[in-house]
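Listed next: structures, encoded as structure tokens.
Next, two complexes with subunit A in common: one pairs it with subunit B, the other with subunit C.
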Partner chain A sequence: MRSVKLILAAVLAVGLLAAGQEITWMSTQFVPIEEAEWVRNTLLPPFTQQTGIEVNFLGSEYAAFVDRLMAEHEAGQGTIDVICGLHGDFSSVLPTLADVSHLLPTIPGTLPPAMVELAQMGGIQAYIPLMQATYLMVINKAALDYLPEGVDIWALTYDDLLAWARNIYEATGEKKLGIPAGPGSLLHRFIHGYLYPSFTGYQVLAFDSGAAVRMWEFMQELWGYVNEAAPTWDAMDTPLLTGEVLIAWDHTARLKGAIVERPDDFIAIPSPAGPMGRGFITVLAGLGIPKTSPNPEAAAELIRYLTSPEAQVAILEGVGFFPVVEEAAGAVPPGALQILAAGVSAQAGSPDAIVSFIPGGISDEYKKIYRDTFTKFVIRGEPVDTEFLRQQATRLRELYLEAGAPYPAPDG
Partner chain B sequence: MNWRRFLGTDTLLPYLLLLPTLAYLLVFFLVPLGNAISLSFWGEEGFTAQHFLGMFQDVKFGEAIKNTFFLALSIVPLQLITALLLAMLVNTRFRGSKFFLYLYALPLGISDLAAGLVWLAIFTQHGYLNSILMALGLIERPIYFISYQNVGLTFLTIVLAEHWRATAIVLVILVAGLQMISRDYLEAAEVLGAKRWQKLWYVILPLLKPSLQSALIIRTIFALQMFAVAIALGGEIVPVLAGESYYWYSSYRNPHIASAYAVLLMAISLGMTWVYLRFLRTRPEVTRL
Partner chain C sequence: MNFRVLRRQTWLYLGASLAAFWVLVPIVFTALAAFTPKQDFYLWPKPVVPRRFSLDTMRFFLNTHGVLNSLLNSVWVALMTLGLTLGVGAPAGYAMARFLFRGREAFRLGILVTRMFPTALLAIPITVNFIRWGLYDTLLGVALIHTAMALPFAVIITTGIFLGVSKELEEAAMTLGCSRLGAFARVALPLALPGLAAAAMFTFVISWNEVFAATILTVQNRTLPAQVLTMLRVSPLYFRFAGGFFMIMPALLFMFFIRRYLFHMWGGATAER
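Moving on to the complex of A and B:
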């Protein structure tokens, strides 16, 4: 009877402790409903068990994220304890952020120094890197039958890709290359982070250069082998699974579904290289603490938990974001994720790499500038018009000028 | 309790009863409407036409306005004809006609995006239609119904989907209109020796005009605003005005140009409504026979 009372008392105490320690985590990542549910039901419960801290996860669109942090900052009183966002999200809310450099020695893994440095903005450690993502290619093994002779898929060039897609078309009569070009697709990332850096060396500065003209003419030719429904596709996992395409480029999270479903059929490989090198985007997300955080100690506890190798692998398994902590990279279990991770590390480690960043702090209209140019020259197939390119380039530079934002890598 | 005494006068009652609706309209319709109009005309330096200029210069603008008009022009007449035929069929009150009325009205209960996705599953490269055609040996490899190289065909899939989805609303209005036509007129016409098509042309259609007018106004406005079905099936291939407004707001985060698109759409809708009211006007003496 006494032991029962003791247990009851213990349960009550833990309950009270947990009730006292509730923190709110606002994030521009894990926003889709199934990802948010996964965070709440799978990622966070072990943390609450270990520490007794309840976490109220709040997925937020970028605009609401910025508005809310700014409002709390101006009010001098906050409800948000910890935030998660992309590198660019942090640069938009810099004045509201506390320096988190004191947390670095307590992170339970090794963070790559380059990433830690990247997360330093405005003289403070603005965030602790949490996870990374990129965009690469996934191929169906059936496509290897048509691979042009002497081509190495781990060091593919855009010319190789063209020859490969042409081979498939000539053999089967079907256009089996997939580029997501639907309204909700990430096509703009392909243009500003992959095509432009690979062909011109820059994503902004050489927008209307001669190299850019040659790039658009190349894309017009390549487009002839892209599946005709591409302008309706937002993600490439389904077309890969149905066999509508054999070679596809997209975000890792939007390719993962295909590999998880049939891991034996697909390989993830680096994106192609152009005349200037292998342009690709590294997306870096991190964790920060607002100056107005009501409970910065509990927030730091959550950051330490999320950067542990176990949580890092769990994030990869749950939502397909890749670990930043070095100890986690070796801990990825075999299967779909290992296949993707192999492609990601091959791309990141390629000798001709040109790393691009996603523009931050400027109007999202830049996406439209890249996409409209693509629509005009590639989807509609109009002749490459240098005057139009010049106008778009001017508008693009204006957007950076208006916001006073620096050009993202590789330009800046 | 004496209601009339309580309310002071019985002429006040209708206005009091209207109040909740008016409040609803004010909060959820008039205020946002005013906001949208001011967003489209006001910039940092006050009144400006800059947002409308931005809209006109948009690479997608020409195509979006063309598609929006063509879609409305192809969908609405087609729906009107189908709905009229179905309404007259249902109105013959054959056995089980009620059942058919409910069956035809079924798509009304489906969200437009869901309807678009259903039709996408039919028309996509490895969709139901291609699978059936290939299984029957009619084609060797899939037809690209949805293709940037064949905008016409993609356009047709949208017309079909929208026709399937939204004809029922016209049907319901027309059935109600038909049921209001007194049998006396038709019997009188028969006595005077009118043939079938004469009854349709000289009796039914003129008496149905008020219903036709409402159906046309509702359907044309909704067709102009059509968005989810066009996005699901046409993606970037068939841009429409409502879609561009949405993308300017949500993807490119420019509420000013998004509002300019919305205000343009409203102006077009108002214009079309005026045209219907003007040209389908029913003279009182005709209806009050």
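Moving on to the complex of A and C:
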């Protein structure tokens, strides 16, 4: 046992001494051009200075990410040293991942145990939690003039939202509510992580319930006040900046651009609550090491660096992902990020919270099921058809059964 | 000039202008947007011609890690693809046009079969084999895949071209002392040049636009689309326009230079006859 430890220590030391080493970091996160440049020019240079390890950052789409890892695993020979992805990304590439549980004691900050546990899949520690994000609402302060009387923006309900958007429409003749419904948008997250839990209490189990029917009918009414260009929008920062919308829902990273550009004009507030509570998603991203990694020690070194409180705050400042390490959570810098952080913590701390997780381990078809239903009932405005809902619900449950995956929170 | 001819001419030019507009307007707007300062980009209502021009967005894009390098890679891959495709495709097309052999029709159809399988389906097996063969993350590897994609079109196009080159001319050359190969090189090939230019253009564009295989097969040595398309898709609009403009330009330049061969085929050649 002792000799094993000695060997481990020696391996680690060799890893540390190997100056001039280069590792490849593939990631489904930090993909947008400015984020990728920020990672290369701001986040990584201090690491290279400290350790002498050069990092080649490679942004990747989900499909390419999975294909590449699978191919390298199958060939038994890899080029990727360390990977970054969302919780769900890791469950798709589980067979290719090395157990990283031995790294846990060496992480320089305190990771919440619930998150560490979430990152255990298939009997191994599949990844080390890195950062978290969520989806919420950002409003232009100009919208406050039309806020219905007695409504608290920090405890908004879907009925309040409807009344608010209607007020704006009646006063200005314009539809100023924005929901991203473009082909590259995160609309499916809004449906399965926000609408469904808020109205029915579940993501999957009550897909075709009476509460779901009432929810779709509500959305048909609300859609009358959503800007007509919504089906072309992938992210809401641009429409907020152009003034096409005054109230918008989206991912923090896709809203951040607006607040950074004009911090005095916008406020971030929690997503609305429905009859069952305030449903919202917590997104967790992490770092893992493939079994075929050519330099696992250097990869581990990078993981330790990225989970340090300093790097965690830097990530928040750079790309708007919120820290997971407890020591970093208190150190949010002032300005645009504080505005965003205020909304995030108000949402996370709301008394009627229903936390949802993104489904993992099942085929992406689930997104299509939610989005198709939305397109049919809301965008096309067809009458809510319970038979269609039942078919979709059956297919959705089949996806979980086929993959043997558990239902995500709040269902499971 | 009588009225009827004038009217027909007017309609023709109107139609041609409309078609040109159809193609040019998006390119013009892309170019304008690429040089609009970031701050002016979100002006609402948006002026058609920006009030100011700036190189900032373009400069940021060009200085982005790996963009210039990947541009060079893309050019190399496209040229290699061009060489391989025409090197194999043109003789194949020539054979299809000149010789009758058993299974000629089946071969013609068989060529198209390679286009039946979606690249996404083949991605993992191809990558696994490329890793084993040492072609993974090399430009040659990407060029080989692009050649496989472009070859069917090249063979079909060149078959058509060589069918159009009269066999008698080659035979005449041979009676005057040319060998079979010499007749091909000195007579058939020059006559087929405009068509080959079209095939070359097509091949170049196929390689230039291909994203999926290039993304999967490369890690460090990426082509331009593999390097930038994934990130542009989720980047702010002004970067998308800068990237879009930058990616259109080389292809436009290539076509600009190869254009005269095409004119030769459609315009000049018929006039000479």
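Note that in this section the second predicted complex is superposed on the first by the 388 of 412 C-alpha atoms of A that agree within 3 Å, B and C clash if a C-alpha of one lies under 4 Å from a C-alpha of the other, contacts with A are read in each partner's own complex, and residues count from 1 in each chain.
In the analysis below, contacts are C-beta pairs under 8 Å (C-beta built on N, C-alpha and C of every residue); 3 or more make two chains touch, one makes a residue touch a chain.
Remember, predicted model here, so these are calculated numbers, not experimental data.
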Quick check on the superposition: with subunit A as the shared anchor, is it clash or fit for subunit B versus subunit C? clash
Could you look at A:S60 and tell me whether it touches subunit B, subunit C, both or neither (first, second, both, neither)? second
Would you check which partner chain A:E174 touches, where first means subunit B only, second means subunit C only, and both and neither mean what they say? first
Please indicate which partner A:K376 is in contact with in the superposed arrangement: first for subunit B, second for subunit C, both, or neither. first
Touching A:E37, do we find subunit B (first), subunit C (second), both, or neither? second
Which touches a greater number of subunit A residues, subunit B or subunit C? C
Contacts of A:K367 with subunit B and subunit C, given as first, second, both or neither: first
Have a look at where A:D152 lands relative to subunit B and subunit C in the superposition and call it first, second, both or neither. neither
By the touch definition at the top of the document, which applies to A:I80: first (subunit B), second (subunit C), both, or neither? second
Mind working out whether A:T242 is in touch with subunit B, subunit C, both or neither, as first, second, both or neither? both
On subunit A, what residues does subunit B touch that subunit C touches as well? 63, 242-244
Given the complex, residues on subunit B that touch subunit A span 58-60, 120, 124-126, 141, 144, 146-150, 231, 233-237, 243, 247, 251-254
Subunit C partner, complex, touching residues on subunit A are 24, 31-34, 36-37, 40, 56-61, 63-64, 67-68, 70-72, 74-75, 77, 79-80, 184, 234-235, 237-238, 241-244, 257, 261
Any idea which subunit C residues touch subunit A in the complex? 42-44, 60-61, 64-65, 120, 123-124, 127-128, 131-132, 136-137, 212, 215-216, 219-220, 228, 230-237, 239, 243
Once bound in the complex, which stretches of subunit A touch subunit B? 63, 173-174, 181-183, 227-233, 242-244, 363-365, 367-368, 372, 375-376, 379
